[in-house]
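Step one of this worksheet: look at the structure below.
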């Protein structure tokens, strides 16, 4: 058990995976100096430039080369800096990595972990602030992970590296410095949600940074007499349908909240699925369908914070 | 009024737009010879190689150059052949075109029409069969259009070229040869759905090729005593919420069907929105979350046909 | 080369409403090649000449026009034909078809439906060989149209800075679909472009299998010696249309006639004896006929297999 | 150059917890530059030398490190500083910030947060100029890191086949974020790479504003004469870290010391008189101070403006 930041936790998971499995390699821009968020700190010193590979600014080829490495037996962890730049590698992620195993009739697979940080990052504006988890969940072949805590970032990164499938691994840029206790032996399987707070009146499903706003809003709601059950989905594909449905069946109300744009966000999938299955009342909260502006008031307009969540909770009446 | 194929209708709309507005240009691979689906036939002969521009195989730069052209005052119609190849130009569509006007504070806009055909195309397998409309609907700044008939392909392409915004214009590859009557003066505004068949028991919302399967299933359902109202959404963003909600309020049941993968498809958005707003029963039908296989039985598994639709309609009980 | 030619001819016929030998009923019953087919007819010398210098442990990536590369690398004609017919015992179990044929058992990592996408995959595979301490090399085929896509620059640069064991082969058939590539390509050609990025190599008559063989041998020995990537520019011609249904009426008749005179099989035959050539052609023909028979009778994949080999994580939730 | 230097220094200070002159209260009240700031300190001669040869009707695209280009092209320091402060009267109404500054009134089409993305935009703008029959040209700035991204190949090729009026300017500061670019770049350098793609040009000492000016003038006169695109490789140095918060401790002290000796402002000053230089610097300083004052007092954009200028089609449905 150690107190680590979200970035350090990922680093520790990676170090352990690289120690245990010689097939695991890291590739991406600036990884040799530890990555611009420190999320690879010390790894090149420890494992050498052969396994922690600095690359040119060539996102398409970073991802495409990772596919080739995976087909040839390695397990690449691919650094994309922010998901916005991964847009330069979309063919490689979707047409090549995700579909390889299927198209090849199972002859090989492109197991790799693509680290593509999502979310607002104060003052970074429209090309450095997107949350695109819904895109990846829509693509057969990909698993999608979005951890909210240092513990989960440790355990889920380990699980993602071990799973053998291509994984869209979506850390949140405003969580890098968040500190917390991390137990090395606490395994978190992909696809399992965490019930972070129990409550009988409403089920609130969130992931990534929005989990923290959800917990804050739930505490405030409690003081107003509303019992909110907070579920951190953690993995978006596959998502933990059983846990969510069981909670919803108890509370009879669902609110899904995420920082991604509301229209076409993954909240729609969960809300639709729950409405279809249980016929209960559902609501969604997400960013308005606007790019993220630079100025603070504009940026704030795209933020899903506790106040908005509380308003949505209360709107169920 | 003339009888045209879906491809010819688009061609005719383009010809008229180019005749009426000197700013309209076409660029893409093989457009000079009429495009590989004949959807640009005769245009280069008519308007010259200056305005119907053959390009290298450089999807990223085709789309990026179109952004530059638009910022400098032209109205580019951009050929991407199939949406699968547009994955090579995702940065240019999402980070550049969609967000330009906002990021620039309104100084200019990247009005362009990106033709990115979607859908199955018999025997073309996983890299030529995707339907990614949900992705584009999730991106602020983009309009999203998916016509199902020659008439709509004519009128909506004209509207898309005229609208001044970047438009994801998604024709369906298996509709190119579909013939129908086309009236040149029938304007179809973006954002307006068409009620193609009335019915009191269930609202069936579809778009693109699935509209035809929906009409077939509705006719079959009628014979079993179920009145299905079929709505062709036509534009996915903005989608015609009023028409859909009004219909749903009458029928009390919604089924949304699309060929795109069900998980994270745009059906989830509509179903969730309707469930949130009206609290009625909703269901979705889409492709299973699998890549499209080459062999016919595999390909068929990804097809949303009338039989599946009928089964979904009847499952409401 | 003879096996490639025989395979392409048979596949072409089988894509046109069925194999005539099997009759109309067979055609109606989908006893035929599905989907678009990019034939390498006329380009056989590039595949044969390069792959003659590869060991089974060497790897290869290909393009949408990849039958020849697969055959030259040693893939089974029978399993390839089954794949084109969409059958369960195809190389890819009927999931890939012509544009995705792969045979990992002979180091063939896959055709690709996206122009230039194979380049990064080849580079990554070579990088993996290096890291795993293996001595094999990777041959990376692509068309002349691919030199205008970004991955060409990125992939060559990557291979060069890491001195990876890759032979890049530009199979220059002068056309990119319906567009003459020269009109779309600036500079002094593919090799000059490669050199500008830091990868040296040779240009060769791609219809002369002996010349291709010699050039590939020379370049591959440099690659195998640790000299880093090399580039082979092989000029050839696409005798057929871009895709099986393309009559290619947009081409100049003289250009095509010249190409037919320069047929790589005829050029090679001129250097072998008449009887030897006949024997090779007959054998190839017979092998392909057997492959057709097997493919036509082979089982379809069952629908359940559409859910197999998608991914393990969350397997079985696909309808959710 | 002096105005750029003064602007960068002021912006840098204002990004570090606020402008000291305004006190702690101001800092707390967000009277400061928000977000990451890529300073062009030390690279001023490239921007100034190239843009001295551009008319207001000429166009320009830039990078994440674009303040200098904007200023040299004639953008208002005041409105730029307002943008950095995220104010409603910024060049982009507070919506873009440092990485998206644009001023269409002087032909500055925008910085860009994506490395190399400006290249295709520049090429498209030049294509539009051609089609509209306008005589202007486009200057396209990018860093040394950008030559390893696919759009570099695609954009140069496109400009060359169409003989478009573009001056490509590679502003080579030897670093790509925290990585020395040389280690990641194969071949004989940016100009050789451009030549391989079919775009010729010149290499120049990018810290010598007179040399940059002369080279840009020569190349631009060829471009304006219809000769097609040209390439300028300007070698300079990034005196600061990659981004305002980066102390750049990973660099060799000697390398930085050498660069400081080679400061473009000092080099230029040596060729102008002492008093002239003082006057220029003082004026620039005063102008920047006024800009700071204006920016600090400028209004915030109201929240409703977050919904403006997204798109017209379906406007007003953003919450739906």
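To keep things simple, chains are lettered A, B, C and D as they appear, and every chain counts its residues starting from 1.
Quick note on the criterion: a residue touches a chain if its C-beta (ideal position, glycine included) is under 8 Å from a C-beta of that chain, and two chains touch if they have at least 3 such contacts.
Just so you know, these numbers come straight off a predicted model, no measurement behind them.
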Which chains are in contact with both chain A and chain C? B, D
Tell me which chain's centre, taken as the mean of its C-alpha atoms, is farthest from chain C. D
Chain A and chain D: spacing of chain centres that average the CA atoms, whole Å: 34
Chain centre separation (chain A, chain B; CA means) in Å: 30
Suppose each chain is reduced to the average of its Cα coordinates; what separation in Å results between chain C and chain D? 45
Residues within chain D bordering two or more other chains: 90, 92, 94-96, 100, 112-114, 148-151, 154, 157, 161, 183-185, 310, 317-318, 320
Chain A residues touching 2+ other chains are 55-56, 58, 60-61, 84-85, 88, 91, 95, 102-103, 125-127, 140-141, 237, 263, 273, 289-291, 293
Chain-level touch network, classified as line, ring, star, complete or other: complete
Could you list, by residue number, the parts of chain A that touch chain D in their complex? 29-30, 32-33, 36, 54-61, 84-85, 88, 122-128, 262-263, 288-291, 293-298, 300-302
Can you check the complex and tell me which residues of chain D touch chain C? 148-154, 156-157, 160-161, 183-188, 192-199
Which residues of chain B touch chain A in their complex? 60, 84-85, 87-88, 90-91, 94-95, 98-99, 102-103, 125-127, 130, 132, 134-135, 137-141, 237, 260-261, 263-269, 271-273, 275-276, 279, 281-284, 289-291, 293
In the complex formed with chain A, which residues of chain D make contact? 30, 34-36, 83, 86-88, 90, 92, 94-97, 99-100, 112-116, 145-146, 148-150, 176-179, 183-185, 250, 300-303, 305-307, 310, 317-320
Complex contacts: residues of chain B adjacent to chain D: 25, 50-51, 53, 55-56, 58, 60-61, 63-74, 76, 91-92, 95-96, 100-109, 140-143, 163-167, 190-191, 237-238, 241, 273
